[in-house]
Structures are given as structure tokens and as C-alpha cells.
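Labels for the chains are A, B, C, D, E and F, by order of writing; each one numbers its residues from 1.
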């Protein structure tokens, strides 16, 4: 019963990312896209990375991060849109946090 | 061969219906009303739909509100029609209530107050999720 | 069979719509059966035939039209959301509604949701 | 002389617009010289003649029209913002633009800002 | 050179109120309106009230708070829209945080 | 009678022109572009206009961005026209940069990095304020 979480908002501006993290399950995956890419530098990301040492996969859409000149972290997978499409079907459902 | 026990478990874990997460306060945007319209149409088509209230969305459930004071048609009153539409699963995030210093007193009955973990698990029991 | 339904809630002039469009087109190219796109809330503005976006900016509506023609992708516009945003939906042969879009009710969203293996919102 | 210019950025179907309208009407009743309201961003949607809001909901556009008639309150709609949102502004006697609104450019905002003692954004 | 700050967003959802507070000056006034009324229960309000023991005036539009069933605090002035109009001219400028 | 010293002080403290506060990131909404259009029109009418960047608005100033990667026409390039329009007062909130772990390196010159107190005082030197 894994969920794919599409995070589209900056945690520096809204609390959508915090809400996402509060319901995140161990088998889930997170994709940072659009302004969600800014969250790579947010304090909430540290706690997520520590948790994710278990099983949660954290991804960022390369072009979305690059467009915003955001350096990314080693713990984060760089993916493209076709990976997002694939993740849509390897997880049981999708929640968009926007 | 699947034992009947496992079958029962599979049935229990079967994800079905639509979960709608409400994340916006009631009187500053149409999001709550738009979510309600989706919920009622699912109900009228006899499709399973559950409502989740998180973040500022929890303000949609609080008692003693009165949108007419700010010239807004109070769509919250329509929440009392949920039973008629067989919308019975209504969940609110306890942490969101606590953060906002809100009591667990709501303008409709049968609201389930859940801790974050259970709130997430309840969402997971649905096949699809929309968030407004 | 993998089937996908998509809900769009951002207007055609929003940069966020680019992401949604890219996602849908990528799914179509990957051979996913996208059974329909439902335009709700500000997404309904996509059907407004009078929208004019500067020619050097992203033409979201033209791209949806292209996907509609190339892949017979059904594009449903929510009538209530559209009327609220100034798109007259009453006449049969309406000049104001972009031909690639079908005027639908929320019942269509129920239909799509029930049929689709996955529902993704943008 | 107290003069006031107001910028509206929320659409007619937003509950936030009620607050803006109440503020402007209260100022007019108090005898403040409201030299103009400039509708920018999603505020431009106010001029769309085809907008149809359920009759039991707040009729923001009708209220602006009333203030325009009762107080000769100038209502300026930003043309770029309007065109982007599907309001055709090209014809002279345009049936799509609500008669209470004047199609203006951003230069009008400069004019209002320069003349007004206070500028308030909603 | 006093400023009237119109706060229209919930600090539980966005950081607009925090941005407002970061530029608030001693002679300024704050009006909580629309979803800004929710900020009466936000931790940021405590720090503002402590600061405001000096000179900052904090106000809430009665109807906007009442519509939302928000109990208000003793330190807060209840005002109506005509007061907002008056404050517009007793301050040198207005900033809307929305 | 007003002494000439006081007059000088009054002139210095005279509030004039428009302050535009940018609070939104560049590639997810039109707000930055809409604010830019207002700034340029004020510049072309030879009216004083100053730009302030706070919160996620500071992302509009960061170097090495490329909107074309996400099919967005990069309006940030137009920032280089500020000098031509005599828009010379550009302020960024230092705390917003620090919170976002951003260096003080921008894609335009002459950006003034200010602590919150000074940032607020700089806004106060204007007669009108718009925020996008």
C-alpha cells in the first residue's frame, strides 16, 4: 500500500511539505518537483533523510532543480519525467501536495 | 492456495474509493466548496468517498462559525447532508487541531480524530486521493 | 492494462501547467492509456477560446489541443467551474469553447476515477 | 483632501473580494475620494461579462457596478491581465466586457498611484 | 513614518505573517483580517503582543473573527471596516500581506 | 519657524515613490513577472520605484537559473534592464537568504543585502507599497 508523494510547494512558504511528511509511510516515495525542489535546503529535509535511511525513496526532477540553480544532495535520486510516470504505477496511489 | 484467513486480510487491506484531503480554511477560497462538490457527486453516484481534514482544513469542521457575517454563503451547512449521501468516513488530524488550539468539538457528528500515523493509514485505505 | 486519469486545477497561464502537460505527454509516449484529463477549479480556464498568451510564452492550450488530436486524449472541462470563470457554456455550437474540450459535469470525474488504475492531480 | 486608490488582485468568485468591496464602499460612505480601482492579475476577471455565479452567492461584479454608478467610481481593468484570462479586449463596442469597467494599461496604475494619498492592495 | 499592515493569511499555512513581523516598526499598526484572524492563536502572536506592550497597535476585524468562531484576546482591539478606512489615513502607508 | 537643519531632515525623511515587495519564487506563478511589469512601467514614466525581495522572492535574484529548462520564458533576464529604466534601488532580505542557505551572489549588480530592520526601514522610505 505504498504512496507516491508529489511535492510541488516550497516549505519555506507553505506547510504543505510538513503535512506530507506527517503522513509519510515507510514504503512511500517522495518526488520533489516545481517549487518543491527548494525543500532540498529546508531543515525538514534533514529529518526526512535520516528517516529515509530506512526505506523511503527521495527523488527530485533534475530539470526542475537545475532550472532553479539548486545544488542537490547525495542522498537524493535525480529523475526525469518518465521516471515519475513509472513511479505512478509502481506505487499504489499518488498524492499531490500543492 | 490462499487460506481463508489471508483472503480476509486481503479484503481488509483492499484499497477502494476516493479520499479527499481538505487543507484550506473555509472563508478565503473556493477550495472547501469545490472539494464538497466532488464529495457529494461521488456520494450521489454511490461511490465510496471519505473526507480528511488537515492543516487549516480543520477549520472547516469547527462549530459556531457563520459565513453570513462576511457575506459568504455558508457551504459548511451542507456538511449535515453527508449522512444522506452515505459519506460516513470523516477524519481530522489531531495534531492540526492541537497546533491551532482547537477543541474536538465539531458542527457535524461522527468525526474521527486521528493521530498523524493513523490519519495517514486511513488515507492509505483508499485507491485514489485528491487534495484541495 | 495501466490506465491513468489526470485532474488539472491550474490555469493555462500558470507555469505549473507546464509540468502537468509534460507528465501527461510523457505517459502517452510511454504507451500508458490516459483515459481522460479533467479540468477543475482554475483549470477550467483552459477551454476559454479567447485566451491570448504572448506568442513567446508557453502555449499550454495549443499543447493540450495537440495531445487531443495526436492521441485522441479526452479533455473534459467542468461546466460549473467554467461558468464561474466567464466561459459561456450554454449554446450548442459555442464559439467561446475551444473545440478540443468537452463540456462535462463532475459526474465525468466520478467516471474517470472509477475506471482509472491511477488518478493524478496537478 | 484624502484620496485613495485601490488595487484588486483576487477574482470575482473569491471570498477575499468581499473584504475589498466592503472596504471600498466603507471609504466611499465615509466621504473619501476614491480616485480609482485598478484590477490586476486575477482581479482582471471581474470585467468578464460572461461570468455566472450562482444566484445565492455574493455577486461581486454587480456590487462593483453599483459602486461605479452610485459614486462614479472609476474601475480600470488591466488589458494584459484580462487578455491572458480570456477576455477579448480588441473590439471597440465589446460585448464581452462589462460596461462598468474601463480597459486600461498599467500606465493607469502609475497615474492612480501618483495622484493618490494612499494606495491599498487587496 | 508609520505603516498600517493588513494581514490576510493564516500563519499556520504561509509565512506572510512572519515576513510582516520581520519589518514591523514601533509606530506601526497591525490589522488581522480574513484568514489573518487565525493568527490570534499562533505562537507568533505571543511574541508580537510582548513587543506591542510598547507602541504597536494590534487589531482584528470583529466580523471576520466572529465568522470564524475565533475567541479573541484581551490585548487585541476589535474594530470594524470604518476603523480600517480611518487607520488607512492616520498611518503614512499601507502594506497588505496576502 | 522651521530651521534649515530641520528642513534638510524633513527632505531626507520624505517618503516618495513605490516600493514593490517580491515574495514569490520565479517559476511557479506569474507574480514575479506581474511585479516586473509594474516596475518597468513606473520606470518608463520616470516615477521612482524600488524593488524588495523577501521570503521565496529572493529566489528571483539568484544566479545561474534557467527557466527554459522548464519551458518558461525567463523574465529574470529582463532584470538587466533595470539600469536603463533608472531602477537603482534593489534590496534583498538577508535573513531570507540565510534561511534558504543562499550565497549573496546575484544575476544582477548592485543588489543591497539588508538585515530585517534596515530592510523594513528601506520600505518605509516609500510613499506606497505593493506586494506580489
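We take it that a contact is a pair of C-beta atoms (placed from the backbone, for glycine too) under 8 Å apart; a residue touches a chain by one contact, two chains touch by 3 or more.
Model, not experiment: these values are computed from the prediction.
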Minimum number of chain-to-chain contact steps, chain E to chain F: 1
If a chain touches chain A and chain E alike, it appears here: B, F
Angle of rotation relating chain B to chain F [CA atoms, steps of 5 degrees]: 180
Most distant chain from chain C, judged by the mean position of its C-alpha atoms: E
Shared interface numbering between chain D and chain C [over half = same, under half = different]: same
Furthest chain, CA centroid comparison against chain D: A
Chain B and chain C, separation of their C-alpha mean positions in angstrom: 26
Interchain centroid distance [CA atoms averaged], chain B/chain D, Å: 36
Centroid spacing, where centroids are CA-atom means, of chain A and chain F in whole angstrom: 31
Two or more partner chains touched - positions in chain F: 23, 27-28, 30, 55, 70, 72, 128-129, 131
Interface hub residues of chain A, defined as touching at least two other chains: 8, 12-13, 15, 34, 64, 93-94, 96, 98
Shared-contact residues (touching 2 or more other chains) in chain D: 13, 15-16, 19, 22, 118-119, 121
Interchain pairs in contact, sorted by label: A-B, A-C, A-E, A-F, B-C, B-D, B-E, C-D, C-F, D-E, D-F, E-F
Residues of chain C defined as touching chain F within the complex: 13-16, 18-19, 22, 54, 56-58
Chain C residues touching chain B - in the complex, by the definition given at the top: 7, 40-41, 80-81, 105-107, 109-110, 113-114, 116, 118-119, 121
Residue numbers on chain D that touch chain C, as the complex places them: 11, 13, 45, 48-53, 83-88, 96
Residue numbers on chain A that touch chain C, as the complex places them: 6, 8, 33-34, 64, 81-82, 84-86, 88-89, 93-94, 96, 98
In the complex, chain A residues that touch chain F: 8, 10, 12-13, 34-35, 38, 41, 63-64, 66-69
